[in-house]
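There are two complexes below, and they share chain A, which is joined by chain B in the first and by chain C in the second.
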Partner chain A sequence: MQELKIQKMPVELRPDLSMWKLEGELGPESIARIQAEFELVLDSKQNFLIAEMSGVTQVSSAAIGQLMGCRQLLSERGGDLVITGVSLDIKSKLSAMGATKIFKFYNELRSAINAYHWEVERKAEKVGLSFPPELQFVPPVRQMVSRIARQKGYSHRDSFRIETIVDEICNNAVEHGSEKVKKNIDLTVQINREKIELEVANASDPDKIENLRAVSSSLSKPPTADAGQRRGRGLALIKMLSNNLDINFSGEGTSVHVTKLREE
Partner chain B sequence: MDSQIELEYDDIKGHADTKMVRFIGDLDATNVETVLEKICNLFNDGYINIIADFKKLRYVNSTGLGILLHFSKSAKEKNGSFKIANVNENVYEIIEIIGATTLLEIYDEVDEAVAALK
Partner chain C sequence: MDSEQPRVFKVKFPSDLDYVGPIRKFVAETLGVSKFSPKFAYRSEVIVDEICHNAITHGSRTADAAVEIECRIFSDRFEFQVNDQGGKKDDIERLKKAMKKADVQASDFPEENDGRGLGLEIVRLLSEEIKMEIGDDNMTTVRVVRKREDA
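Here is the complex of A and B:
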């Protein structure tokens, strides 16, 4: 029988995160060892525990039950215990025990750490895109941002709304852009667990800016469904779909900043 | 790199002045002029009623919505209609936000739209 080893792994600058590397057999005889190590975790007030289990060769329901108890205690403190690196064979056994309904599983340690940054530290991720001021580039840009939102856990519905916002602000940037100064449009996306912030900046045509000012000043009214008007609803639509919309005009260009809170 | 949109056409039995048009893909600023031309050609060919099947229309933006309203207006001017069926919930939300649900004839199913033809 291969005795269970629990190696505490160093975590820099994360006082409430602890990581274990488990190796060997997670049998009934390992319960006492798990409990002892867990008490050290509780004493140090580390409420988030990542159990790296790529080296685990056997699991027993008793030991998994013990880990479930640990997770329950951490949960009550607002924390969690997640598992990474299990082999397909071990995962299959854990599934049969019902453990896959209790724990979050990650393929790699890095994924679990990223999830911690995302969920607990509310860390934002930032993406910058720069593309020529032509309409043909807008569809792939909007679809990419939508997929980022989806991948970060935003719902299909919310991701669609984000896609619409990106489409509208980028189309406006193209249509109101300067025809003399062919400068790329810059889109910055900052997304965290709670909201997404989008900023589009472009070089504007001074003549078109006045149109844009007029439209933005009418944003207090809902968008018009006037059948005779084919265009001009984009900014109003953005305002209805988002939580905050700021438009800044300067001598050289226009920037539009949109904030949308995650809704589902 | 225009967004892909495809239009497929079908006749409606018993309604010689009606065409069913299936919209497939995304309707946005990159392809709206193409769609405008194709539907206007139908009007010019004497089809005063258009039934737009949106079952496979994934996305529409404000520009696309603008031409849908234009089609509705144009059809009415010819004493016809532009009916829409099978709108997905995301597209419907955009139509609703714009306030166009009362201006467009929207049906759950194509059969309902056909039944509503004069």
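Here is the complex of A and C:
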């Protein structure tokens, strides 16, 4: 039997986080050792613990139960205990014990740290995209943003609505943008657990800007019964699907800022 | 499309594997609407996946690291560039070694056939040109050129 070793490792990318490197067998006899080390974590007021388990050769349900208890305590403090580097063999054993439904598993340390930023610190992540002002490129752009939202845990419905918003604001940027100044359209996406913010900036066409300004100002008025009024439907749709819509016109460009709260 | 006037796309995203799927799909779909074949688009997606994966796992030193890609789509070719922070000394040495390995034949390094650097071998196999530059403070740029196969 290979006795369990728990080594406290520094996390270079985030020195304020705790990491254990576990080596050997996670057997019932390791419970007291885990508890003792965990009390040190609690004493240090840290609430996010990364357990690196690439060196673990055996697991027992008793020891995993102990780790679940540790996770529960950290979770109550708004933190977590996550697992990295686990082998396929150990992961299948953990799955049989039901542990894969309790713990989050990451292949590597960076992914675990990113999860800390996202889940615990609730930091927003930013993606910047610059693309040519052509309608054919709007579908790949809107699908990329939708896929990012799905990947970050947003529901299918929320992601689809985000995709619709991106489609409308990017189509507008192409259609109302300058045909003389062939400047790329800039899309900025800021996403966190609660909301997504989208900003699209493009070069303006002075001939079209008054029309866009008129459509924009009509959004604040009640809808009319004029069925022939087709302009501005896109902006009205964005307004319905989002929680905030701001349009800024300047001599050189137009920028549209949309905030959409996560609903599900 | 004028071959001298490329469509240029730039994306900057957090150094997080969560983003690789959406980014590589974006590049493939952009090539699709630019009239490149599905096969060309998919093989380019494989390249983007490998290089972005490397940039995140070996080329990011800080917690807030980001990866930047630039795609230039010409009528007859696709140029793809990835910039990252550059990793630690070990990572840079490994990358240089993998590039050297890709420049010759993998079979010339039988003792190192451990799967490491396989990503760059795949990129090499699927592209016409691959270059790496390591700038100040280890900033790393990998540039790949693929020519249209059905031209």
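Quick note on the criterion: the second predicted complex is superposed on the first by the 247 of 264 C-alpha atoms of A that agree within 3 Å, B and C clash if a C-alpha of one lies under 4 Å from a C-alpha of the other, contacts with A are read in each partner's own complex, and residues count from 1 in each chain.
Here, a contact is a pair of C-beta atoms (placed from the backbone, for glycine too) under 8 Å apart; a residue touches a chain by one contact, two chains touch by 3 or more.
Everything numeric here is computed off the predicted structure, so don't read it as measured data.
In the superposition on chain A, A:237 makes contact with chain B only, not with chain C. Once the two complexes are overlaid on the shared chain, A:136 sits against chain B and chain C alike.
In the superposition on chain A, contact of A:54 is made with neither chain B nor chain C. Of the two partner chains, chain B is the only one that A:157 touches; chain C does not reach it. In the superposed model, A:171 lies in contact with chain B only, and not with chain C. For the contact definition in use here, the residues of chain A common to its chain B contact set and its chain C contact set are 136-137, 139-140.
Residues 135-140, 156-157, 160-161, 163-164, 167-168, 171, 175, 222-231, 233-234, 237, 240-241 of chain A touch chain B in their complex.
Across the complex, chain B meets chain A through its residues 1-3, 26, 28-30, 59, 61-63, 65-67, 69-70, 72-73, 89-90, 93-94, 97-100, 102-103. Taken together, the chain A residues at the contact with chain C in this complex read 13-14, 107-108, 110-111, 113-114, 117, 125-132, 134, 136-137, 139-141, 143-145, 147-148, 151-152, 184. Chain contact summary for the complex, chain C toward chain A: residues 7-19, 21-23, 25-26, 29-30, 32-34, 56-57, 60-63.
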